[in-house]
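Input: one structure, supplied below.
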Amino acid sequence: MTHRNLTEATWRETRAAAGDAIAVLPIGSQEQHAGHLPMGTDTMLADAVVGRALDLLAEEAGPDTPVPDLVRLPTLPYGHSPHHLFAAALTLSAPVLGTVLDELLDSLAECGYGRVLVVNGHGGNDEIVRLAVKRFALRAEVTAAACSYWTLLDTVETEEATVETEEATVEDAAGAASNWSDAAVAPCGAGDRAGLVPGHAGWFETSLMLAAHPELVRAERPAQPPVEPPPLFDKPPYPGLTVERHGEWERVGGATDDAAGADARDGARLLDRCARGLARALLAFDAATRPTA
Amino acid sequence: MTHRNLTEATWRETRAAAGDAIAVLPIGSQEQHAGHLPMGTDTMLADAVVGRALDLLAEEAGPDTPVPDLVRLPTLPYGHSPHHLFAAALTLSAPVLGTVLDELLDSLAECGYGRVLVVNGHGGNDEIVRLAVKRFALRAEVTAAACSYWTLLDTVETEEATVETEEATVEDAAGAASNWSDAAVAPCGAGDRAGLVPGHAGWFETSLMLAAHPELVRAERPAQPPVEPPPLFDKPPYPGLTVERHGEWERVGGATDDAAGADARDGARLLDRCARGLARALLAFDAATRPTA
Amino acid sequence: MTHRNLTEATWRETRAAAGDAIAVLPIGSQEQHAGHLPMGTDTMLADAVVGRALDLLAEEAGPDTPVPDLVRLPTLPYGHSPHHLFAAALTLSAPVLGTVLDELLDSLAECGYGRVLVVNGHGGNDEIVRLAVKRFALRAEVTAAACSYWTLLDTVETEEATVETEEATVEDAAGAASNWSDAAVAPCGAGDRAGLVPGHAGWFETSLMLAAHPELVRAERPAQPPVEPPPLFDKPPYPGLTVERHGEWERVGGATDDAAGADARDGARLLDRCARGLARALLAFDAATRPTA
Amino acid sequence: MTHRNLTEATWRETRAAAGDAIAVLPIGSQEQHAGHLPMGTDTMLADAVVGRALDLLAEEAGPDTPVPDLVRLPTLPYGHSPHHLFAAALTLSAPVLGTVLDELLDSLAECGYGRVLVVNGHGGNDEIVRLAVKRFALRAEVTAAACSYWTLLDTVETEEATVETEEATVEDAAGAASNWSDAAVAPCGAGDRAGLVPGHAGWFETSLMLAAHPELVRAERPAQPPVEPPPLFDKPPYPGLTVERHGEWERVGGATDDAAGADARDGARLLDRCARGLARALLAFDAATRPTA
Amino acid sequence: MTHRNLTEATWRETRAAAGDAIAVLPIGSQEQHAGHLPMGTDTMLADAVVGRALDLLAEEAGPDTPVPDLVRLPTLPYGHSPHHLFAAALTLSAPVLGTVLDELLDSLAECGYGRVLVVNGHGGNDEIVRLAVKRFALRAEVTAAACSYWTLLDTVETEEATVETEEATVEDAAGAASNWSDAAVAPCGAGDRAGLVPGHAGWFETSLMLAAHPELVRAERPAQPPVEPPPLFDKPPYPGLTVERHGEWERVGGATDDAAGADARDGARLLDRCARGLARALLAFDAATRPTA
Amino acid sequence: MTHRNLTEATWRETRAAAGDAIAVLPIGSQEQHAGHLPMGTDTMLADAVVGRALDLLAEEAGPDTPVPDLVRLPTLPYGHSPHHLFAAALTLSAPVLGTVLDELLDSLAECGYGRVLVVNGHGGNDEIVRLAVKRFALRAEVTAAACSYWTLLDTVETEEATVETEEATVEDAAGAASNWSDAAVAPCGAGDRAGLVPGHAGWFETSLMLAAHPELVRAERPAQPPVEPPPLFDKPPYPGLTVERHGEWERVGGATDDAAGADARDGARLLDRCARGLARALLAFDAATRPTA
């Protein structure tokens, strides 16, 4: 076995895998993504990145590195999106989502799992999934990890410097792209990657969706002129501050930057880089935590 | 529009549908289903019944009845399964699952939805989803409904008396089938339908899975000889009692009855009957609650 | 000892009984029961059925069956009645009532009790008490059961076919009686018992109160003409659906059917049948779960 | 109307009384009371005091004072008794009991009640009921009060100085009686009343039960020699301290003082004094809070 | 070591002290204290009393009594003050404050502490801290105590009868001082101490602040004429009742009595008496609970 | 006014400041900081940074920028430190700390405050404070911000490039310093600042404490040789992952890196840079959110 979907496994298979495998739990959201992207964008992108990462795992491992067994859990399609209720969202409160994660993780421990990775697709879930895995490792004898898929992107790029040339142009096109909007953690971009910051329903997510689910991206992407001042949650007045202003999402129309320049080819490349990052993170996590025989 | 998946809709489409459409939320579980069925059986069957019901909606409505707009929510793949942790389960506690439903339903109300139906695929969720819709309709100006998919089966059968002949044989074959095991509500079977009671990982669910996902049913179905005494949760000592005994699920090996006689053709017929029941329930619900223009 | 009230027992007697006895916890409600029945109707009827069942226990057991020891707990006089607040009710929310039951049941387990039966008198509590006993048996090494008193009625009747003749007439008189309104579980009536479905503050409960507490039934029973359409919670548009519509209880005036035909003699017979059903359920529960010496 | 039991009132009567009446909620406990008193002692005594106070109300008011309308709620028979679980108790945790009170009080406010008095019979509930009424009056436009029945005793005695002579002897007999044990609030005794402090399952409660329910007091009262050191919860090392030591209740055998000298005649007098105190408290509360016409 | 601040100790020192030392946790509030006292009055006074008590400990112990080791925890500067929100307060709800105390106390037990004293400076916290230490001693093998600093005052005075002469005058000056307003527990004053009852932002607290933090007492103390009727929470209509009326704090202007007569010398004496009482309470608590070698 | 401590302000001053001022809430922890630093290190450093930032505010603003009014709340001395319980900690669980923040922030909103900044001194609180301010701004019409003090350091340094020369040496000395250990957010260091990452009880915090509270730093700093492998929480196997392994803190001895090279002069410079960063952040926050006249 390389990987398996828990929903399709019998309980004996589920138990048998527990000792060695890494359980992978994707989580997304259902929330407004401007006029042209579907409610489930974050869920679909988390799924797409995880799926592609699993495909890349053996390739990334290379011939000499063992590929860890993975058990993929059903994606949690609902997240913490109260800031999108002004338009439309199905949201769990932070304490409830935290408790949902607690109970699912405890169930895994009770099944014998010792290694878990939560892969998040929605910025609003970021702190919640990180807190959850920390709590989990204190309660149970496990090693637990969490990430938001976009935070794995940079490193990959660094190592792919040879294909950067073309990309630079892409990034120029996305020059107006805002900072990560919905995410709690600003990426440590430097140099020419500075423009590669994701946003909500803007260039980044639209490009990814054009690659992953083009049929779900509405043709008429509304021109979204930059709003002034830019939203505080996206561009805090000082780096390191998390700032939230009442009504800010509504004021700026629900997106962080203009999706006009989004492009399927850019999206495919971004998707690949996120997935490759996740594959490498899985391999590194496995190497650091593999149970000794 | 007849129906639409919320996860694929934009927020404006989500909002636009809210006034008239019925929001449909399927819910399942991840839990042991004996040695031959997958963990996600209940989730997959809820999805299969809902999917087939939507297909049948226009046919069941007939030419003169309007077909209601439906917005299908992402299926909640996790349910309340603490009684299956002895083998393997990913479970939410009853209060947490209840609160998850509260928050998703409140989100729907905030989006403008006035009509919701929760379709449940796991007996352990039954009381929880019914309580949730009752609470919801007290909090918000909505009409909310809940069902477990198998409770809709009987009525349909009654109206299909002409095809009963062949089925009677099938039911004979399933003569040893236990009562509904995982469900809180015993069906009011009478006459020749007495044998048609579902169970957990036994004849009923195995037949359905052979129809819906045959590739996921393991070939070697372990012979499950009837245990004595039969489990109290499945056959209470007196009708009307809900009885739970500590360790009972483990004692009886995790299934309520022998899956040996399960059959794909029976499963297809059962699936169709459940789906048809759900389709009719949707039409009846629509007729009783349609907003006046 | 046959049975004893815990409130009157010393702690040593309470402990001494724990090993063998069945603890019985009645629960009711305080809520509007139309213009002619008192707020505590459900509590009083649960008490009346339990009291009469204890009286009948030896008779129902017969000479050869041992009569189990019973410890009757103080009746919980408050239940889950938010749907009656529009008129008047003292209500606990579902999570709080569930937790109250959890804590009382845990206390029993800590006292050494291994067998518990919750007897419910209010439809709105039904799912809550059933969930509570299921949770309890997972936490503790006990066998726990729950019922709503009216669900035990049918079987008894079946076995009393010889006295059915007269009753048939009574049931005709109650032909207009609605379905069980406040209860989650529709009884599996068949044949001539079809009319014997209870309701809220209608023929069923009024008859019972005329038998149990005639002095508390107001003389001027307001004529309650059938409302159109009938309440969705009482007559769901499709069998198997639980449906709740905002404001429905207020719309239909707080009762499910006309109490005009209620009669003390019918009530006495119904009370006897419910109590006899409960006595038999207790004996069957005892037989199935008696600790081996 | 002078007073009425809510459980026997129709909802219209319940509502009609709300504007002027004081709702009275008694609360007790189910817990060990040594070898000679029943589990429900505190509940029965709260009921006895309330019942007698209602009887005395007109007499205490005198001809010129209006007697307030009272609506007596069903007694809550369960309280907060975790410290008695070592022997036997049915207990609610403090947060749950607090929430139960919150929800019942909110229900009263929704029915239109503006004045409520909680009468407590169990020391362990004391802080909980006082906190609950304070919270309630902040949430709702009401005046809410709480007391433990024994805290009302002193004042009455003062005013009955003429009958003190005989009692002094009684008090001498009770000279060894401990301080209030289970209560959070030490009475402000002075002079010859110093001996009249209640305790748990000792002279005070046993005397009251001999008066109120003599048939429930076991004949063989176990001699309870004073334990050394006396329990910290009953005799804190410094006045004003609340002290609880793990295992202390078990160490001292579950009672605070020797019940040997308990006497029915003393009990009758104490009961009368508590009831008279409650009657006067009700009249004073009414006078201070009566709605202006 | 006599005493040490936990915040300044290393973890090894913290652990090393746990076996013998008494952990002391002061708690206050941030809430309106009329126009002349600061929001943190209760916090500062709790700190002042604890600080002075620690200074007096050796003197109070005398040469022959061992002085217990004390570990002073950081003062919790926030309390339960919802009744002061009408003006200004930073408040925790009662359940949350209770849980905060639970978690801090559990942390102490996990560090090995077996003896804890909570010293409270705000009447609204009184029941909450008492309940918390009771719960704690049931969960863990500890002896836990709680007090509000002013409840320790009386006894000291009794034993200082020789210096009473001058004080009597002071008390006369405070003759109009109200009863304890914000506290749940009325002090058992008798004789000439009857006037020494504290209040909120009146003579008592203003005098103490003039002694402890004179620079924070505003010069222009608003004349606060007595309001009629006096606030029910301060002067309940009958002793032993806890009464809260909606809007009462706002009606009476936020203070219980006139601060005009407050005096720094009186304050110094009161502060000393409270501190001396706390010192003696600590010594008595230590003597009663000292671990045997 | 420039700034004021809420605990010393009267309620009228508190209210009067609410419209314009920024409320600043520092939060720390009480937890093991290896053998040489005190339990309250995080609390003291948060206080030190805030205190110094307020001192620098006018200087940083310069002559032409208005200095915002600030109201400093009492520091919350307890945080979320379950990972330090293995040694010694006083910890609040994440949900409880989150609710404490919710209630304090709601109190501020009720007082009229529209702008709040939480300044955190403990890595384990980071996600909790960020989530809290986001929730707050959705509930109330406010702008709320949160930061951990060390995240504000980098930018300042950038602007102080002229004094970097000397510092480079310092950083070399700290070459072995680990990454931010206790913090969720890795700083985006680049170039020569790469070594300036904080840790727990290592070079960074020890240097700061040597500057802020030298008397509390124990002389005998235990040599802490680098552990292999380094702790996963401090050096995740892949950047972007949050990883927690059961028992990891205990395995590595409670500190992330060797404190041997810590130095008071470095500490003073770091403290100044953090404070200057906070001062600039406050000015920028003020500029971006100042209410229009």
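Note that the chains take the letters A, B, C, D, E and F in the order they are written out, and that residue 1 is the start of every chain.
Operating definition for what follows: contacts are C-beta pairs under 8 Å (C-beta built on N, C-alpha and C of every residue); 3 or more make two chains touch, one makes a residue touch a chain.
All figures in this text were calculated on a predicted structure; none of them were measured in a lab.
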Chain pair, B-C or E-F, that carries the greater number of C-beta contacts: B-C
Separation of mean Cα positions, chain D and chain B [Å, integer]: 51
Centre distance in Å when chain A and chain B are each reduced to the mean of their C-alpha atoms: 32
Mean-CA-position distance for chain F and chain A (Å): 27
Chain D residues counted as touching two or more neighbouring chains: 99
Order of the ring members, counted from chain C so that chain D is second: C, D, E, F, A, B
Residues of chain F that touch chain A when the two form their complex: 82-83, 94-95, 98-99, 117, 127-128, 130-131, 133-138, 140-148, 151-152, 154-155, 184-186, 188-190, 229, 232, 236-248, 277, 280-281, 284-285, 287-289
Residues on chain D engaged by chain C in the complex (per definition of touch): 5-12, 14-15, 30-40, 43-44, 73-78, 84-85, 87-93, 96, 99-100, 103-104, 107-108, 110-111, 216, 218, 254
